[in-house]
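Could you have a look at this structure, given as structure tokens, before my questions?
In order of appearance the chains are A, B and C, and numbering begins at 1 in each one.
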Amino acid sequence: MTEPVLQTRGLWCAFGALQASKDITLDLRAGEIHALIGPNGAGKSTLIKQIAGSLRPDAGQVLLAGEDVTALSTAARARRGLGRTFQISELAMDDTVLQNALLGALGAQGRPFRFWQSALGRDDLRSKAELALARVGLADKARMRTSELSHGQRRQLEVAVALTLHPKAFVMDEPMAGLGTTGSKTMTSFLDGLRAQAPILLVEHDMDAVFALADRISVLVYGEIIATGSVAEIRSDKAVRAAYLGEEA
Amino acid sequence: MSPILLAEQLLNGIQLGVMLFVMAAGLTLVFGVMGLINLAHGSLFMVGAFAAAAVAGATGSFLLALVAALAAAAAAGALIEVLVIRRLYARDHLDQVLATFALILIFSEGTRWIFGSFPLYLNIPDYLSGPVTLPGGIQYPLYRLTLIGIGLAIAAGLFALISKTRLGIQIRAGENDREMIAALGVDISKLYTIVFALGAALAGLAGALVGAIQSVQVGMGEPVLILAFVVIVIGGIGSIKGALIAALLVGLTDTLGGVLLPQVFRFFMDGATASSAGSALASMLIYILMAVVLIWKPTGLFGARA
Amino acid sequence: MMSERVLNGVVMAGLILFPLWAWMADAPFMITLATKAAILALAGVGLNLALGIGGLVSLGHAAFFGIGGYAMGILASHAQAYDPIFTQPFVFEGTKSMPLIWLTAMIASGLAALAIGALSLRTSGVYFIMITLAFGQMHYFFSISWPAYGGEDGLSIYVRNSFPGLNTLDPIQFYAVVLGLLAIVLYCNARLAKSPFGLALGAARQSPLRVETVGISPYRLQLVAFTLSGMITGLAGALFADLNRFVSPVMFSWQTSGEIMVFIIIGGVARLFGPVVGAILFIVLEHVLGGLSDYWHIYLGALLLLIVLFARGGVIGTLTGREAAHD
């Protein structure tokens, strides 16, 4: 078996008395979409933060392409190939859509300390940014101010910025949130094609999207992974039905 | 240095510390509850001092002067809260800094216009002047000892207010969750005015109390304000306990540093160089303390996680 | 509504034509006022780099203004006394040459900004404001208690420093030097605002997490911006001291920090010419209102309050429409 692209080993994290992560071990393999589901408050956000680097685990490791990145900052993990999108858009709202994508290209290129040349005049960065915007369907919005974008368009821009990084793995926090039915369908088919480029760890509440996309699903309840398996396995898992689907079981 | 002199300087440090606490407590409450940085807090200190000096000059009563200081500063605080400050809660810190900087200009020049440029003097009343003899034969001014007592009493009062009273519950709730306390039916704009006026009254009282051992003049508030900021940075924003401990730390560091450093430098320099180098370094000491705390704990000793 | 570019052109033309008029009308005092405005504008342009693009609300820029001033004072006083500043480990002589003084001022204030920034940027928000204010005050108290360069009384320089090929004692020639520097720094700032660095710094103001997520450290961006900002304000401090032929701890005072920030707000935050317009207006107000009343700071305070509460784009924002330019 080839080595997983992204891996956590025995992550523990507590806030005071609350154990938000209990011995979490999961992996993301090349070419797959691995969905992480669980009820609200199960510790999904906490786990994502530990993987992305904005929260240090109390114990355990995070490995990216086999390298232990547990001690590295968010920025260092991003440079090593972790592409993250946020549940609540983290974008430069006063800047244009193109500038946001350009920022991603600049980060990927790794030389932000250029004081003299024009950022928009950098054809190499600009073509990467425009390409990413075109892929998510925002090419005609490039010169719009980001704050004027709809909620769904901001989601798409988040993904576009992550694309400019050419990451080894994507970590996406609820990319379907607020998209509406058509938007969700478009995003679903887009992500479906994206897994060939890099695998996706997908946190999502939209179960239609999860069941349509996921190669594997992990279920997180009260900070613990209670099951990992294919869509069919998860659908029929007793523990999942009891814990996650609760009243139906 | 003799132990008696050292004890005296220790008490001076504590006295400076408790007065800084009274300033810092108001600032940190206002920041904790309303999320506002108020540069004009030093102006309220000055308002208290001038009100006290004017009333003491007219009536000869120190007690009336203190009451006037409290009332004038609380009134000035409530007035600016209603007219200006409440428009700033939802604004970013830059707007808050500039608007309260503008208030400093207005307060300072307004005071200069009313009272003139010459300092006023506020005399220590007879019943509080003169030294007392403490255990161990230490002679110490009764007035400064009174300041320590008043400062500690205010600290105890604030802790009781925050932990025991209805207002304190609302203040703590306001620090944690603004929408929640509004949803519970607390009149939030009234609460804000009260908290702001309370902080202002404390600053005014500190101004009057300190005014009696300094001169009362325009611009007296800002150096104290900046020291109070150092206290808050060290203690952690929003923490009354942190403010008390940090205020004592700053008071003691500043006072003892000024006395001890030139002496220490004398071991390896000649007298004149030692005293100038020592006092120059002593003037930076509390800021160095602040820098060390920042390196160690960026959100202060008792600050919440950023 | 006027375009911002046209307005900037008008301001620049005014900065050239007004002193020329004053020169022909033989009104050297007016030239001196214009020089003061241009120098204060330069200090504001420095702060605007950190504040406008980077969102770093520094209330301690007086530290860099003062360090620039004292760099000039110390170099020139040693030069006029023919007394080297130090002889170990190498001989460091004073100088009366403006370019050397500027260089020293920028290096010294840049180093101070690097140190203060490295500490202060570990925090953000209100902490950052209070800490920068405190470090500014530290310099103020140090300059008062350090007796070697005049302590509280400050330090006088008898003759203005020299610039090759010019007579700097002639007000209009000194003004030309100042305006030239201001123009160069404005041009550099305009380039920087549109550069990859400017893009990343602006994004770090709006969302530090976004910048981290693309692999760039916001801390480093902000530290570089803060250092450059301190260097420019330090250069302005050296010029200000040269204008007055005097330096004193007042340059380090918290009011100085506040005033530098006020220029930016009056003119317009994050506008290239914001601090220039603000500094000119400040000097005009000081001159006009100061002539009417000894208490003109009351009116300044009231005006500032009105601008903050009701005219948030500053003068440039009001004249050109509310939003800052982002293209």
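Methods note: a residue touches a chain if its C-beta (ideal position, glycine included) is under 8 Å from a C-beta of that chain, and two chains touch if they have at least 3 such contacts.
Here the structure is a predicted model, which means the values were calculated and not measured.
S.K.: Should the pattern of chain-chain touching be classed as line, ring, star, complete or other?
M.R.: line
S.K.: Specify the chain with the shortest distance from its C-alpha centroid to the centroid of every protein C-alpha atom present.
M.R.: C
S.K.: Would you kindly tell me how far, in whole Å, the mean C-alpha position of chain B lies from that of chain A?
M.R.: Taking the average C-alpha coordinate of chain A and of chain B, the gap between them is 48 Å.
S.K.: Using CA atom averages as chain centres, what separation in Å is found between chain A and chain C?
M.R.: Between these chains, centre-to-centre, one finds 43 Å.
S.K.: Calculate how many whole Å lie between the centre of chain B and the centre of chain C, each centre taken as the average of the chain's C-alpha atoms.
M.R.: 31
S.K.: Specify, in ascending order, the residues of chain C that touch 2 or more different other chains.
M.R.: none
S.K.: Mind pulling up the chain B residues that touch chain C in the complex?
M.R.: 31, 37, 84, 87, 93-95, 97-99, 101-106, 108-110, 112-113, 222-223, 226, 229-230, 232-233, 237, 276, 279-280, 282-284, 287, 290-291, 294-295, 298-300, 306
S.K.: Please output the residues of chain C touching chain A within their complex, sorted ascending.
M.R.: Answer in residue numbers: 188, 191-192, 194-200, 202-203, 206-207, 209-217, 221, 224, 324, 326-327.
S.K.: Per the contact definition, I'd like the list of chain A residues that touch chain C in the complex.
M.R.: Counting only chain A, the residues touching chain C are 52, 54, 73-76, 78-79, 84, 86, 90-96, 99-100, 102-104, 106-108, 110-120, 122, 125, 145, 161, 164-165.
S.K.: State the interface residues of chain C toward chain B in the complex, per the touch definition above.
M.R.: Listed in rising order, the residues of chain C that touch chain B are 51, 57, 59, 119-120, 122-127, 129-131, 133-135, 137-138, 141-142, 144-148, 254, 258, 261-262, 265, 269, 295-298, 300-302, 304-305, 308-309, 312.
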